[in-house]
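As written, the chain order gives the labels A, B, C, D and E, with residue 1 at the start of each chain.
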Amino acid sequence: MSELLTVSALGLMLSLFLGLLRVVRGPSTGDRMLATQLIGTAGVGLLLLLSLLLKQTALIDVALILALLAAVAAAAFTGQQRETGDD
Amino acid sequence: MIDAMSSLLIVSGLAFYLAGSIGLLRLPDLYSRLHALTKADNLGLGLLTAGLALHAQDLFVTLKLVLIWLAVLAASAASAHLIAQHARRREKQS
Amino acid sequence: MADTLIWLVAIPLAGSIATLLLPRQATALVYVAAVATTAVAGTLLYGVGSQGPVSYEIGGWTAGLGIALRADGLSALLLMMSTLVVLAGSVYASAYFSKAAERARFWPLWLLLWTSLNALLLSGDLFNLYVTLELLGLSAVALASLGGTLAAVQAALRYLLVGLLGSMMFLAGVSLIYAGYGTLDLATLARAVEAGPVAWTALALMTAGLLLKTALFPLHFWLPPAHASAPAPVSAVLSALVVKAAFYLVLRLWLDTFADLVTPAAANLLGILGAGAILWGSWRALRTERLKLLAAYSTVAQLGYLFLFFPVLQALPPGPARDAALGGLVILALTHGFAKAGLFLAIGIIQQRSGHDRIRELDGTAQRLPASTFAIALAGVALIGLPPSGAFLGKWQLLAGSFASGQWLWILVTMAGSLLAAAYMFRVLGHAFGHQPYPQRPVTVAREEWPALILTSLAVAGLGLAGAPIWGLLEGST
Amino acid sequence: MLTAQWLYAMTGCLIVALGLRTALLHAVLLHRLIGVNVMGAGVFLMLIAVAYRGPGVAPDPVPHALVLTGIVVAVSATALVLALARRLTGEQDNG
Amino acid sequence: MNTTAVHVLDILLIISLLSLAAAALLTSDARRSVILFMAFGLVLAVAWGRLHAPDVALAEAAIGAGLSGALLLAALREQPRRALSGDAKPVRERERERTSIDVTLQLTVTLLCVAVAALLVWALAEAFDRGPQDTLAQAVSETLAASGVSNPVTAILLNFRAYDTLLELAVLLTAVLGILALGPARPGYQAAGPVFDSLVRWLVPVLILTAGYLLWVGAHAPGGAFQAGATLAAAAVVLRLAGHRTAGLPAGQTLHLVIAAGVGMFLLVGLSLLVLGRPFLGYPPAWAGGLILLIESAAMLAIAATLVLAFLGGRPQPAAGLSGEKRQC
């Protein structure tokens, strides 16, 4: 089981890494925000796997906060987009 | 039995994650990326949390896992909607 | 006795909250807090003088696990000076800010700044010092921006970014110390520290951060605009106390905690930068057209003298000559504190009354505001270093120390700096005493002019006479 | 010495240098602010790496507490910078 | 956990951190830089989790990845793009004239930064050679029982080094007073559409509940006043984004009471103990847990209010304003 979790963690890290490429490349702000969201979701998954692997239950709380605040950040971003109307 | 179930869920979740991020990289425009990504990462995280929930010691942890999934679901739905709306407005303008 | 240490932080902090919650009674509350703090600071100074250094372990935890506050002669003297300056500044500010809304914004931040000064001078813990540095920097910037003009906000913004960079470098040094020695307590560290990459790099980073904050040439670029565009009582405290707090930390680290690591070359580097500060600062002060900028450049120059003491102290062997030089350094720092605070307060009055601070157009100020002009003249005596001011004693010790250790360059720089200071101060006074008829009243606005007069008189007369007790207090510290 | 501790600490050093460079060189305020923040993150990474004691061993909690304090202080300073910057652009627009 | 796999994970994390930091710092576009910085915060939170620092990871997730980004984005919203990204053409032409100086300066500063990195590596190498410095960590674990809480990080922050935290709350108070002195809040956001409203309707209560949970759990597990305060602030930020003008903050003197609550409660407890003959902030062991929770609750409110005010950028304006909701384009 532990091996599977480790491999999955690596897979998620890879996914996060691919999101990274899109964040750096862009081209539009919407793309970057979307990719940041993928990084967030992958980060949440990674933290959940790490909480089992490292036997740290507190990392579930971290994942929860990360997920909630990712929603807030998305709201802040779109709120701002709504106002300025450019990107 | 539970281990096998959980492994299956986690691995399929991972597959969706990877599909989503490859889509994000390879698809040609914002719209198609948006659709690929929101489906993939929501499903991916959903399967992953389901897999991990099978290992959860108590109900509270399961509750938190469900909450995490819902939060991500809502965030991506809202932002996808707004990003798309915004992009559409720009297209109309130009 | 040890309790005084925590009260010195708690009273201004409590005062700040009280003024925030009760804006109508704010001025009265500030007076109460200021008088109480002054009384406690006096008690501490007396106690340190009679019983030696004191320390206080917060929460009752031993230093290391917890945080200890400590005071010796050096910190008690600087604390007394800063208390008197803030007290005078408070009286001044209650008249300077004429609108209630202005005062309501000013008082809580003013008392927070005071809290941070006292906390910094008393802290015995490296990480706690980082927090006090940030508190000092943020409250100073918030106060400096109260002027509200574009120039003030711009200067405050640059001041803040420089300050943040300085604290980050300090924090990087602190982190290295924790990695290498597993402690943050200064006294424990002083016993454990040994020459090596950790100590050298940490000291270099912390010093670089602090030099940025104390505006040592050539890192002084942010100081003149920030000090010149702040409201007068804020300028006074920024120039007299805030930069000196960072200087105090450099002194502590170099002479106390890391004393064994300091090499002559490093001390000479500080001396050379100090010499550059004296010459460059004085020259710019001579060339500037505005009185407040002149005072700010003069601060750059005066800080230079304090750094000249580093190579001198490094070269002198422990003994009476070195003690005398250290005493000279402290007296010079105290004199500058009083004189510069008084100078900025007096300039503030002139600026408010005549609507500008252009040096060329000061003619007749002596007749209109004789007390303020007299305060400027007294500050000039102290900044030039004429007898009987404390600065005379301080510079005398600097010259004696340089002579004893054969460092002729510092003697030349000190003389040149004093001549330049005389030139820029006489330029101001020459204009101020220009022809205009009849003085009406010697003191026109008591609440604003007395603080300036008292501070500058302290610098000229008080410290000149207080030499012996100061040397007595410093015995055994650093 | 632990490999992970070493790797993350070195990363911290590099991030400090990257942040410092931007904070010193960049002409635009917002970038300099982000530079200082990144530099802070580098310092924090050094501290947390120092606290790490390997898998299954409880880390040193002291640096964790210091970093928490540092994060809160950094966010306060960032907020003040942004407020001042906002006032500045407001003034320029009016005048 | 398989060590090679962990090393691969570590290296991927490190490459992500470095490339995000570099990308955020090297881009010339302000908005891009902010988004990259937010992504950097996200990855950093994962790195804290990996390094067994869940308390820090919580704070980073709430503040670093969430609120700092929201703050920066709110600042961007208001400022014209040119002013922040600074690539207007005349400037560029002016810069071309001083290119030679710039190149020298850039080279010097870059070399300086390389030197700083090298010094840090050199120093850390010596520090790691000395082996772990565990005296303080041991002292903490030996004294933990007397601290009133069982989470060592909370014990340090609110008991052993409570004085640091008191001054840190004073830093927050200073920042918020500085912000309030600078002027009124930014104009509010327009009322949002139905999708956003449905998000708000459940996100705000969940955030408030989570804040309460973090405050309570901090005594024995990762969490505490700062993480809780930041989460509470996030709830208010969402309200504000949905068009609520004051984001749930009280007005006038009540607002002052809230922002001063953290320092005030801390000082009240500390000085009361001093008057009762104990050291300043020296809690009696039997009372320590309760007093810490009391201080943390007040601190949470103050932290939340401060972060919200920072997001608003000034004192919230009463709803009767004439032009508050005017769109800024």
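Structural remarks
Simple rule for what comes next: a residue touches a chain if its C-beta (ideal position, glycine included) is under 8 Å from a C-beta of that chain, and two chains touch if they have at least 3 such contacts.
Quantities reported herein were computed from a predicted structural model and do not represent experimental measurements.
Chains touching both chain B and chain C: E. Between the interfaces B-E and C-E, more contacting C-beta pairs are found at C-E. Centres computed as Cα averages put chain C at a distance of 29 Å from chain D. In terms of their C-alpha centroids, the spacing between chain A and chain B amounts to 10 Å. Note: centroid distance chain A to chain E, computed from Cα atoms, is 19 Å.
The geometric centre of chain B is 30 Å away from that of chain D, both derived from CA atoms. Annotation for chain E: residues touching 2 or more other chains are 1, 6, 48, 52, 55, 67, 76, 116, 120, 124, 127-128, 132, 134, 136, 140, 161, 164, 168, 171, 174-175, 178, 182, 196, 199, 203, 206.
In chain A, the residues touching two or more other chains are 14, 16, 33, 35, 40, 54, 57, 61, 64, 68, 70-71, 75, 77-78, 82, 85-87.
In chain D, the residues that reach two or more other chains under the touch definition are 16, 20, 24, 29, 46, 50, 55, 62, 69, 73, 76-77, 80, 84-85, 87, 92. Two chains count as a pair here when they touch; such pairs are A-B, A-E, B-E, C-D, C-E, D-E. Residues of chain E touching chain B in their complex: 195-196, 199, 202-203, 206.
Chain contact summary for the complex, chain D toward chain E: residues 1, 3-22, 24-31, 34-35, 37-38, 41-42, 44-46, 48-53, 55, 58-62, 64-65, 67-69, 71-73, 75-80, 82-87, 89-90, 92. Looking at the complex, you find that chain E touches chain A at residues 1-2, 5-6, 8-9, 12-13, 15-16, 19-20, 23, 31-32, 35-36, 38-39, 42-43, 45-46, 48-50, 52, 54-55, 57-58, 61-62, 65-67, 69-70, 73-74, 76-77, 81, 189-190, 192, 196, 199, 203, 206-207, 210, 214, 217, 221-223, 227, 231, 234, 237-238, 241, 327-329. Looking at the complex, you find that chain B touches chain A at residues 3, 6-7, 10-11, 13-14, 17-18, 20-22, 24-25, 30, 33-34, 37, 41, 44-45, 48-49, 52, 55, 61, 64-65, 67-68, 71-72, 74-76, 78-80, 82-83, 86-87, 89-90. Listed in rising order, the residues of chain C touching chain E in the complex are 3, 6, 10, 13-14, 16-17, 20-21, 56-61, 64-67, 105, 108-109, 112, 115-116, 119, 127-128, 131-132, 134-135, 138-139, 141-142, 145-146, 153, 172, 176, 178-183, 196-198, 200-202, 204-205.
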